[in-house]
Amino acid sequence: MKKIGENLYLVLIFVFLFLPILVLILFSFNTSSLNIIFEGFTLHWYYDLFQNSTLLESLFNTLIVAGVSTVVSTVIGTISAYGLYKYSFKGKNIVNELLYIPVVIPEIVLGISLLSVYTLLQLELGLFTLILAHICFCIPFVIISVRSVLEGIDSHISEAASDLGASRFQIFTKIIIPMLMPGILSGAQLALTLSLDDVVISYFTAGPGANTLPLQVYSMIKTGITPDVNALITIMLCFVFVLLMVSTVVQLRRLKKEVSL
Amino acid sequence: MNSKKLWKFFFICPVIIYVSLLIALPLIYILLISFFQSDYYGGMISTFTIQNYIDVFDQVYISVFLKSIFIAGITTFICILISYPFVLAISHKKPRTQKILMTLVMVPFLTNSLIRMYGWLVLLRKSGVINQVLMGLGVIQEPLSLMYNMIGIIIGMVYTLLPFMILPLYSSVSTVDPYLLEASSDLGASKMKTFFKIIVPQTLPGLFNGSLMVFTPALGYFFIVDILGGGKMMILGNLIKNQFLTARNWPFGAAISIVLVLITSLVIIAYRKLGGKMEDLGGA
Amino acid sequence: MKKVILRIEHLKKSFGNKEVIKNFDLDVYEGEFLTLLGSSGCGKTTILRAIAGLDSVSDGHIYIDGKDVTMLDPKYREVNTIFQNYALFPLMTVEENIGFGLKMKKVNKQEIKKRVQEMLELVHLQGYEKRKPKELSGGEQQRVSIARGLINNPKVLLLDEPLSALDQKLRKSMQLELKQLQKKLGITFIYVTHSQDEALTMSDRIVLLKDGVIQQVDTPVKIYEHPNSLYTAQFLGDSNLFQGIVTRVEDNYTWVKVDDATLKIVSHGWCVGDALNILLRPENIKIILKEKKENTLQGTIVDRVYDGASTNLTIRVNKKKINVMYLGNDKLYSRGQSVYITWDIEDTIVLKREAYE
């Protein structure tokens, strides 16, 4: 009885979580263009989508921004996490405190501050400023993720490697990086998620030439959305879902291996 | 010795540049312009004035502050109510199932939150799916007003921020020793008692963490209020956005932002006082 | 004359304002098993890390086989280190772990494979090539780390409390195995430990350290039987301490007044009025039932502990508690019994009492 109640509750919450997405997927195959009632199956909107250069460009921008900011913030975050762990320097405590600001501050404050500084430095808003902003809020999450793995590593291991003749470069690439991989990967996944999810900061830092999918949808909500947007969202969701499946399978394998040991 | 220094330089330079240029500089600059004066053409005059902060205490803005805090508070409370039974139910599953279910929680996250709000718009509006279904089933005769009001905003906020509560609470719950729960029920404690005396105290870190991660963003998510509140409602996020992009009164917008930062700092100080650790935040 | 393989001259090391090593000098000979012994914080690990090049030194020089290596990176020193928690590379197999040093030297793959096999044989781990450290027991991990340290043919192998993570029984057998290995290979071992037991069993020489200063350097037998200070005597093994004043001196013997009794010791240049510490090891004290003419004290047995191999008695003499140890389980003595204790005059350890004691 208790089990049934629990499972029912879980199903209910998952329905709540997935409902708005499922409804968009459903309507992407709907013959009616009104997003009100499902009238019949069609792939018409997918065909339309590939004629709509504005939408395709916003998708392209979204992927570019997410891809570049994930890679850059993962690299910088990993280097920084190791630097902060291994070395001490003046002002290290301040750096450590400041790192949490993008995590806890309301996104809108970060958004308008970056906008102000871009204006101050006379940077023209566009893809570059957008990517820079995404890198800005992704780095701390990568650092936190990598650092949690670093702290579990026996500090003698890199000494042992150096004792056996490895150079600093070799220690970092052959010993440290492989050990940090779980943290780096989860940090990268987090960065990718945050970048794809962001609305607020992008809203202030993108500028007219760099419409991303959410910004495009935002402006279309006011003027009226065409169903090819549903098709686009469905395609993106499939892409993201496949990515997530792969990462979950990899993690489950690792979990299984650990259990069997 | 020289290569050692170069190496150190390589590892600490990026983070120092990042922190000073992308975190410290923007925030200091916002603080600075919050003391500037705006001219009538959307520009700024760099004189020192505290007029912007005095303006914040206008009744109109005070009511926006209160409404934002109210919405954020309600959202946090509902998220807590939903999350506890949810993570407890998940923690009763096998490790493999737990992993899969928690990944599923993350899936909607990977589509942009604004797009999901659009999904809710399709669901909630007068001619939306929910009203259509309910009327089709004959449950209601007239369509319900599910959005362009407080209900819509709260649904949107809870929906968007729920995972931020679920994730820390889940990692907290998974550290509770299952034998403790057994022992408690073995000693005749009721379910309610076990929950409040054992589970809640042991999951407080996760609860505080989640509350912080839900409460502060809720103050600023202007687009949820825009889409589901229908432009009539306003929270701090909308106010700041308008000052920067529509009214073009940057100094005043900056002053409101600084006040928002102060509110956030109070929440964080409370979180730390209650024993919360900064490194647990954002470790989802 | 034995060849000096490692020479440390005037070594100093400070952390902040705290000087942990003060002017340390030491010669280590080729092929010897040398132990740095001391309680935690005495600086023994600091010295080891300085030799390995893992930490820089504040002053002084380190020579390995005649070459000054003080400023060299660990990479360029012909020594290798065995770490306390083994520090194996967790993602590499046993084979890759052991072969790491050669791989860094860019030795060709076939040669590495051959040498790894030799090493595995040496530490009795054939067939473990493909395992990961996580899949090994503590003892097996320790063997891998030793093999990894030895494959580069170091001139000196440094071991930092390598057995401390193992359980009692395994530790005993690993002690023997390490000692045999060292003899077989003829490589110099410098072994750091806080366990007097390990130091006495394994070493050719022991260096006893206290607060960064050498107390005594000697063979285990000498350091145990002829400690040069009260600290050494009490650090290595148990002892009963009597403090007294010289009252009479003759050519061969000297008499010392201790509490109510007068003890006779061998003359060694003592003068009347000298303050002396007289130490007796528990195993050197004998229990007798009838009083002898000299060096006999009367007391009462207050405690008796039997640990399988030996029996330990606590005997109260006046107000002092004396520990006595003998092999086996002699049921003759029981609690509350009044007995006499005595000892051979050669077994007394006599040290001049320093002013600060």
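To keep things simple, chains are lettered A, B and C as they appear, and every chain counts its residues starting from 1.
By definition in this document, contacts are C-beta pairs under 8 Å (C-beta built on N, C-alpha and C of every residue); 3 or more make two chains touch, one makes a residue touch a chain.
Quantities reported herein were computed from a predicted structural model and do not represent experimental measurements.
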From chain A, the most remote chain by mean C-alpha position: C
Centrality ranking, top chain (CA atoms only): A
Distance between the centres, which are taken as Cα means, of chain B and chain A, whole angstrom: 17
Distance between the centres, which are taken as Cα means, of chain C and chain B, whole angstrom: 60
Distance from the mean Cα position of chain C to that of chain A, given in whole angstrom: 57
Residue ranges of chain C in contact with chain A within the complex: 52-54, 73-75, 80-81, 83-85, 87-91, 100-101, 104-105, 134-135, 145, 148-149, 152
Contact set on chain A toward chain B in their complex: 6-7, 9-10, 13-14, 16-21, 23-24, 27, 35-37, 76, 79-80, 82-84, 86-87, 89, 91, 95, 97-110, 112-117, 120, 132, 135-136, 139-141, 143-145, 147-148, 168, 190, 193, 196-200, 203-204, 213-214, 217-218, 221, 225, 233, 236-237, 240-241, 243-244, 248, 251-252, 255-256, 259
In the complex with chain A, residue positions of chain B that touch it: 3-4, 7-8, 10-12, 14-16, 18-19, 22-27, 29-30, 33, 82, 85-86, 89-90, 92, 95-96, 99-101, 103-123, 127-129, 132, 159, 162, 212, 216-217, 219-223, 227, 236-237, 240-241, 244-245, 250, 253-254, 257, 260-261, 264, 268, 278-279, 281-284
Chain A to chain C touching residues, read off their complex: 154, 156-157, 159-167, 170, 175, 178-179, 261
